[in-house]
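What follows is a pair of complexes built around chain A, which joins chain B in one and chain C in the other.
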Partner chain A sequence: MNNAQIEIQLIASLVAVACAIPGTFLVLRKMAMISDAISHSILPGLVIGFFITQDLNSPFLILLAALTGVITVVLVERIQKTGLVKEDTAIGLVFPALFSIGVILIAKNANDVHLDVDAVLLGELAFAPFDRLMIAGADVGPKSLWIIGTILSMTIGLLIAFFKELKISTFDAGLAASLGFSPALIHYGLMTVASVTTVGAFDAVGAILVVALMIAPAASAYLLTTNLKKMLGLAISFGVFSAISGYWLAHWLDASIAGSITTMLGLLFLIIYLFAPSKGLIAVMYREKQQRTEVSLLTFLLHLKNHSETRERHVNHLQEHINWQKVRAKTVLDLALKNNMIIIDNNIVSLTQKGDEFTSKAINYIITNEDAQIEDMKDDFFLFRG
Partner chain B sequence: MDKKIAVQVDDLTVAYNYKPVLWDIDLEIPEGVLMAIVGPNGAGKSTLIKAILGILKPIAGSVSIYGKPYDQQRKLVAYVPQKGSVDWDFPTTALDVVMMGTYGSLGWIKRPGQKEKKAALEALEKVGMLPFKGRQISQLSGGQQQRIFLARALVQDASIYFMDEPFQGVDATTEIAIINILKELRKAGKTVIVVHHDLQTVPEYFDWVTFLNVKKIATGPVKDIFNDDNLTKTYGINYKVSIQE
Partner chain C sequence: MDIQEYFSLVFSDYTLRTITLGTAVLGAVTGMLGSFAVLRKQSLLGDAISHAALPGIAIAFLITGAKDSNTLLIGALVSGLIGTFWIRGIVTKTHLKSDTALGLILSLFFGFGMLLLTFIQKQPNANQAGLDKYLFGQAATLVESDVWLMAIITGLCLIVLLFFWKEFKLFLFDADYAKTLGFNTKFIDILITSFIVLAIVLGLQTVGVVLMSAMLLAPAAAARQWTNSLSKMVLLAAIFGAFSGVFGTAISASQNNLSTGPVIVIVASVFVIFSFIFSPSRGLLFRQIRFISNRRDLEQQKTLAFMYHIAETHENISHPHTIKILNNFQGYTRKTLQKLVDKDYVTLDGTMWSLTEKGFETAANLYNQQAIKDE
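Now for the complex of A and B:
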């Protein structure tokens, strides 16, 4: 690896971390769309800031563009508060308007502004190492690295200082307010961090990758853990992993780096969405099937308990009577047998003592409306699950 | 008997989008009562509590807690929101949610430590939820979630407790467990204010009641004012409850 390659990966990784932190809270607040809005609507702020400062990397320009991001959030909330449209509609109204103002400003001043719309959307990560920061004539590294590094340090500092406040106001804004932690202040603080991060990352990686880096790692992490700190950690790791693997994918395919990183993010999310142990699609489908079989089993056991006459308990009769198909009836019978809930004697099915106890308890829970307890009970009674 | 006033509400009007949902409420809650707020859905019960706690800004009127504005008295007040108001899929455990009750006394930036954890564990014990401390909150039943909320309020060790429908979706056992804890709080001299829907149990559980439907209909001791007349005024239809002696 040469220096430029290392620097590109370093920049991409820092951007990933800086995005994953606010992204985690945006995902938990069900505000993923707002990052999309911010990333597009900061464009006019960038252009106007550039007219004033004539320097794309000036801190003032970053602040001005970030302010446009916060204004977007305020506008969206205002429109939403009128009660005429929903939040996503409000977002859809605000950001295309601001983005197109930015595009028009660029087009009108194409000669003066060193920006084009492609670069805005996809960034120029490959060129980031060529724009160096010089201090007293010495080369101290790429400018993007310094910008994103500064923003990231601030984000981490804020996260550590206000972790508890972020958590409580995200989980329960009412309680946070009653305890004196202004949820509005924290909300706009988070929006400011998201906006500043977006602006800082924008030049290097472009709007699309910023949004992807904010949302995809956090959404993937959300599927894997029930602990907020772990969710943050996982989101950060996924972001960095996608940044680095995306870089090499681009290298190998000779494709756009931002595009490849976005692809990696998408793939990662897809895999986790399918295979996550408890919230993944396959796990959910498996559980549903298991639930179906176990409910059938319970129905079957209840039937046995209700009917002492042998004619109602004949293996064949069950199939006709409960109206199950052969396979289903067999699955249920097998499951009951494996769990020692029933015995079959001469094709007549009866409950074992254990089966009887399980059924009585289950009936009790159903009558008292505590169906949830049945799940816990299954752990005690079942040797094999459906 | 001259009792201190724990909560005083004067001429309170609260609106959402300029549409008032609470009109000109005057209310005095004496210290040490266990009070029910009753009224139909949409009467503004939750709104009243939120306005008292400064979560909503009223368009007129004022609130004081032991004679001072709420801002200065936060630490005296604990709040149990209506259950539907939080995201139960949030990645956090029962213990962690109860710990949130200690955040108020910690203030900004400072983080909870061993002392807060111990208080949270004690509160969990009190509501019978200690075995579930590590559970992710979405994996708790409705009644268990309600107990967690109660534990979180207990951990605040306040003087005044506001609870928005703590009996919502809980079974008879949990309901009795919760009401016993509330009665214990009253015995310890605390003031407890509960939004309550089951009119049958009002006389049995509470000693004070407020009827609310956009306006305040009546407030006072249950034995004096919990009658068909006030119920009819509040609920609009002819109401008859049999009050057990």
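Now for the complex of A and C:
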């Protein structure tokens, strides 16, 4: 590994961390698409900033572009407030318009602006180490490393200082307001941080990767934990992992680094989406199947309890009466037998004492309908789950 | 070339005619289907799908090696559909919300697509030069067969729309009711979504991945402001879309260095802004005017009611009072008083006012109606 490679990985990791922090809150606040809008609509800000400063790395340009990001958020909210269209339509209207203005500005001034729309959207991390920051003639490292480092330390500073406020306003805006924290202030603060991060990161990794780095690690982490601190930690580590592994994937394929990092994020999310212990697709589908069988079991037991005559309790009759297919009827019957809820005597099914007790309690639950009670009850009665 | 020259050339020049027709048809079909996306609150789905189509284009190219736009569009269609159904899978099966799912699919697919595109560019044999146009679109590359394809798909859309109109409408506004009536809502849902994906994929070549969502949303959002009827909205959206296409092409053709996609989006956005402001029933301008006139009416009524309370205490209702006593009352201005005089509710005599018979009665009724409502 040479120096440039280490620097690229360092920049990518710092960007990942800087994005994961606001990203976590955006995902929790159901505002993930705002990051997409911001990442597109900073373009006119960048172009105008470039006209003024003539330097892509000037802090003024970053501020101006970030301001466009915040303006986007405000515009979206204004349009939404008129009630003429829904929030998502408002987002979808604002950012393509602003992006188009940016593209046209670039096209009209192609001779003066050394800005490429592709570069804004995709970035080129591989060139980042060549643009060095010189202080008093000494080389202190790549410019983008300094930019993103500064943004990251500001973000971390703000996160530590306002963690409590952020947490409360994210999960309970009403409580936050009643405790005297202004939810609006925190909202716009978060939007500003997201905008600044997007702008700071775009020329290293591109606007689209910024969106991926904000949303994907946070969404993956959200499938694994419901604890905010753990979620932040997981999101950061997912981001850094994808940044570094993505770099090596790009190295191996000789392709875009931003694209590879996103692909790694995608793979990571896919794996977590499928296999997350309690919220992954497989776990959810298994649980749904289990619940279906258990509901059937309950229906079956209720039927038994309601009918004392033997004709109604014959094994074959059940199949036609409750209208279940054979496999399903057998699954339910087996489950009931395994849990000692019924006994089958001469093809006549009857409830055991335990089954009777369970059914009574279940009826009681259905009448009063108290949440979570039925799950506790299942734990008490079931030896085997569906 | 200026705009006039453009319009004189549009019928004779092959390229201009093709592009204009292409963008017009595209605008019409996206506007039509966009109405459904907007009404179903799936506005951002278009954005996600158009980004998600990118890896499909790259994979289709990798497999077939062909630059033929139809092959690439099939790839885009497949990956767009995969993206759409994955979004649905995430929303229904996990606790992640739809915005997160959209953002995820959008950025992940797009990033993967970029990986493939850069990978293709480094391939020695590839004549890959045409793939970039799908990012921002190049209307100039439209040929007649593309326009035919668009026209055929638009026709197909129209037929399906007319055929399933009742079902679509019902499903759109009350999906549960449609289900209870026995319609296969899942099928309708998949049908609408697939057509939206199809329209987006069609537009990729012209407008590009990044701006495609605006083509879907803007005409529909503009049309929504003018009508409350679905059929009118779909029709209007198609017209707005077609005009955005034509005007956008005209403007970009008459200027140097302007790519068509962004200009079409800007034109469509202008339609939206115009509709937001000037639509008679929902528009901001008329809403403000209505608001002001309502407030004026209310103030007038307040003044009248106040006068009534005073007049009530006198035997002769037309007993004159000084205008001064109205001063403390919010509803009173010289203008409202004049209005009341014009309506014959009040007569003025110097600095004195008195209620007329008619005014007294109106005020009494005003009061009564309120009293009845309160009960």
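We take it that the second predicted complex is superposed on the first by the 384 of 386 C-alpha atoms of A that agree within 3 Å, B and C clash if a C-alpha of one lies under 4 Å from a C-alpha of the other, contacts with A are read in each partner's own complex, and residues count from 1 in each chain.
Rule of thumb we're sticking to: a contact is a pair of C-beta atoms (placed from the backbone, for glycine too) under 8 Å apart; a residue touches a chain by one contact, two chains touch by 3 or more.
Quick caveat: nothing in here was measured; it's all calculated off a predicted structure.
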{"item": "First, second, both or neither for A:327, with chain B first and chain C second", "value": "neither"}
{"item": "Touched partner set for A:135, first chain B, second chain C, both or neither", "value": "neither"}
{"item": "Residues of chain A touched, compared between chain B and chain C (which is higher)", "value": "C"}
{"item": "First, second, both or neither for A:383, with chain B first and chain C second", "value": "neither"}
{"item": "Which of chain B and chain C A:32 touches, first, second, both or neither", "value": "second"}
{"item": "Partner chain(s) touched by A:265 [first = chain B, second = chain C, both, neither]", "value": "second"}
{"item": "Which superposed partner A:222 touches (first chain B, second chain C, both, neither)", "value": "both"}
{"item": "First, second, both or neither for A:367, with chain B first and chain C second", "value": "neither"}
{"item": "Contacts of A:93 with chain B and chain C, given as first, second, both or neither", "value": "second"}
{"item": "Common ground on chain A, meaning residues reached by chain C in one complex and by chain B in the other", "value": "30, 82, 222"}
{"item": "Contact set on chain B toward chain A in their complex", "value": "17, 50, 53-55, 71, 74, 77, 79, 81, 85-87, 90-93, 97, 100, 103-104, 106-109, 111-112, 136, 141, 152, 171"}
{"item": "Contact footprint of chain C on chain A as seen in their complex", "value": "27, 30-33, 35-36, 40, 79, 82, 84-86, 88-89, 91-93, 96-97, 99-101, 103-104, 107-108, 110, 117-118, 121-122, 208-209, 211-212, 214-216, 218-219, 222-223, 250, 253-256, 258-263, 265-266, 269, 273, 279-281, 284-285"}
{"item": "Chain A-touching residues of chain C, taken from the complex the two chains share", "value": "38, 41-44, 46-47, 51, 89-90, 93-97, 99-100, 102-104, 106-119, 122, 132, 135-136, 210-211, 213-214, 216-218, 221, 224-225, 257-259, 261-263, 265-266, 269, 272, 276, 282, 284"}
{"item": "Chain B contact footprint on chain A (complex, rising order)", "value": "28, 30, 81-83, 161-165, 167-168, 170-172, 174-175, 177-181, 222, 225-228, 230-231, 368-370, 372-373"}
